[in-house]
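Some structures to go through are shown next.
Below are two complexes that have chain A in common, paired first with chain B and then with chain C.
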Partner chain A sequence: MMSEIINMLVFYIGLILVFLGGILDLLAAIGMNRFKNFYLRLHAATIGAIGGGFYPLIGLGLISLTLDWMGTNRFYVAGISFTTAFFLVLTAPVGSHALAQGTHKSRIVEPEPIVVDRLREDEEKGLIEK
Partner chain B sequence: MKRIRAILGLMIPLIILYIVYTGSFNLFELILGIITAIVVGYLFGDVVVEKTSKVLDPVRWFWLVIYAVFYFTVIEAKAHWEVLKLIFNPSGIKPAIVRVPYNVSTDYALTTIANSITNTPGTITVDVDEKRKYLYVHWIKAVDVSDKVAKENISALFEKYAHKIFD
Partner chain C sequence: MKNKEILLGVLAGLIVLALVYLLVSLAIIIVPPQEDNRWLASWFLETTYNSERKELWSASPEVVTSILWDYRGLDTVYETSVFFFAIIGGLMLVRSVKIDPSKLGIRGMSVISKTVTKIVLVSIPVVAVSVALHGHLTPGGGFQGGSIFAVASLLAIVALGVGFLYRRGWSKVRLLGFRTMGLIIISIVIMAVFITGLTIGATGYIMQNQWKPWAPIGYGYLINLGLLGNVLYSGSLIFLNIAEFLAVSAGLSLAFIIMALPREELIKGGDLE
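Coming up: the complex of A and B.
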């Protein structure tokens, strides 16, 4: 009895996570269109990667853990979901770092509008190499 | 002895990762995982593991788990909510590239801080100055551009945990 309740709870938490991921992906796409600058769009892309990628994968793993009719296959699906989520969290920021740094160094996009740009200031002072 | 402990320090996480990934507890999978982990641990153990006493320290693993749970529930939820509000009200944005000082010594801790900053929507690490110990962070809603306040708002919490886990 107790295990059934826990099973159901985990199942619905997983469903909520998957559903939330879909909504966040949609909102990230809207944000991609509404933000008018490359750097601002990177923030919307982060929502797509973490909110729309990490959480649904965790939810998928939780759902598959509760499905008894899948037999031992459920551990297989859950394991792949969890490890993919783990590596997504490790590797997604690397792409953002590379894009942001490369764009700033090469001056392809001016980070406009901007309140203050400490990196540009320090580069002009010669404190860090360009 | 040090080398064996370095190999063990890389081997154990790799075996756990392999077993979680395959999701089966056959003897075959277990032996294959152990052999692969030994080979990888032998090749890269002393490159990946700098100090063996840190890897086999359960207190650090405990803080890692605490940090992971706290980060992916509370911190991420707050940051997502902030940026979602900005998507529907783009006039509220106030972007700035601020300087955030950090005070950790190992590369792992620095990577943890930089990745944590980038993984929260609203802040992205643009560059790092390892000599003067500064991170340059693009912040979508800069409440204050001074180094100290920026650090309190962005990375003070990450640094506290990164210090406990990796330093």
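Coming up: the complex of A and C.
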């Protein structure tokens, strides 16, 4: 009885994560079209990668763990989902970071709207290379 | 400008629609219904791991690897040597370049990128080796594993700089040595049965894997590891996969390293500019 309740909880948590991923992916797509600046669009793209890739993968792994009719196959699905999610959450922010840093260094896009730009200050002080 | 973009978009959409319409309704590309396999496919599927017809089998459940390294193995050997000569030809272009590791002042990307790259860099070779070693059981093989490994070196070059690999001894000579070692292992494995057959006076073929009724020498396919039980290694397939993995990973890494050399190094001593 207890295990059934836990199973159901895990299943619905997974389902919620998948739906959340879909909604975040939609938001990211809207953001990609509406934001007017490279840096802002990068923010939307990262929402798409983490929100639209990481959450649904975790949810998929949780859902597949609760499905008894899959037999031992569910462990393969869950394992692959969790591993992929781990590497996604590890690499996607770094990809965005590298893009943003490269763009900032090469001065292709003016960062705006902007409150403070520590990178530019450090460059002017000579702490890091231009 | 705006109108032109809209026009282009609509045009691209129309072309895609027209192609889809042609594809679906007129069946320009005829996709045969996959109710049963064709004759050739079922022949291979029924013989590669059929222990009741040991005169035809290759002792591997993975049909593609069996075809690549057993049924048409010589073709793959030729492909490997063509790839080797392509790398050699590329190296000929930069043969006068002397690389001084201390002068490779490329520092790579930021600390964040470097840290995560080092984490990922550990896991990619693991995947590559497992793909190569399981080549006779699951889809994959030496070439695929080597390509995955080359991705790791490409990542290291981009994120950590060429100097990172050079300081760890990934020199031109050493990588070429690994590449050549792979090819030598391949040639030993494909000649071994033939030469053994010559010396003991039995029939043996070049590139032979399992024994045949008329050619009784072969590599075997099972090894007993005591507590670990029997392990299927599919005769020569695993050796050829390992050798190909060595050759491809070293060759592709070398190609990437040469491509990533700084331009000043490459034109030193030349007439350019």
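Simple rule for what comes next: the second predicted complex is superposed on the first by the 130 of 130 C-alpha atoms of A that agree within 3 Å, B and C clash if a C-alpha of one lies under 4 Å from a C-alpha of the other, contacts with A are read in each partner's own complex, and residues count from 1 in each chain.
The rule is short, and it goes like this: a residue touches a chain if its C-beta (ideal position, glycine included) is under 8 Å from a C-beta of that chain, and two chains touch if they have at least 3 such contacts.
The structure displayed is predicted, hence computed values, not measured ones.
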Given the superposition on chain A, are chain B and chain C in a clash or a fit?
fit
Reported in degrees to the nearest 10, the CA-centre angle with chain A in the middle and chain B, chain C at the ends is 80
Between chain C and chain B, which one touches more residues of chain A when both complexes sit on the common chain A?
B
Of the partners chain B and chain C, which touch A:Leu90 in the superposed model: first, second, both, neither?
both
Let me test your reading of the model: by the given contact rule, A:Gln101 touches which partner, first (chain B), second (chain C), both or neither?
both
Would you sort A:Leu119 into first (chain B), second (chain C), both or neither based on which partner it touches?
first
With both complexes placed on chain A, how many Å separate the closest C-alpha atoms of chain B and chain C?
5
Once the two structures are fitted together, what part of chain A is touched by chain B and by chain C alike?
90, 97, 101
Sites on chain C touched by chain A in the complex:
109-110, 112-113, 116-117, 119-120, 123, 159
In their shared complex, at which residues does chain A touch chain B?
24, 27, 30-31, 34-37, 39-40, 42-44, 46-47, 49-51, 54, 72, 74-80, 82-83, 89-90, 92-93, 96-97, 100-101, 104, 111, 113-120, 122, 127-128
Residue numbers on chain B that touch chain A, as the complex places them
17, 19-24, 72, 76, 80, 83-84, 86-87, 90, 93-99, 114-115, 118-122, 124-127, 129, 132, 136, 138, 140, 142, 145
List the residues on chain A that touch chain C in their complex, please.
87, 90-91, 94, 97-98, 101
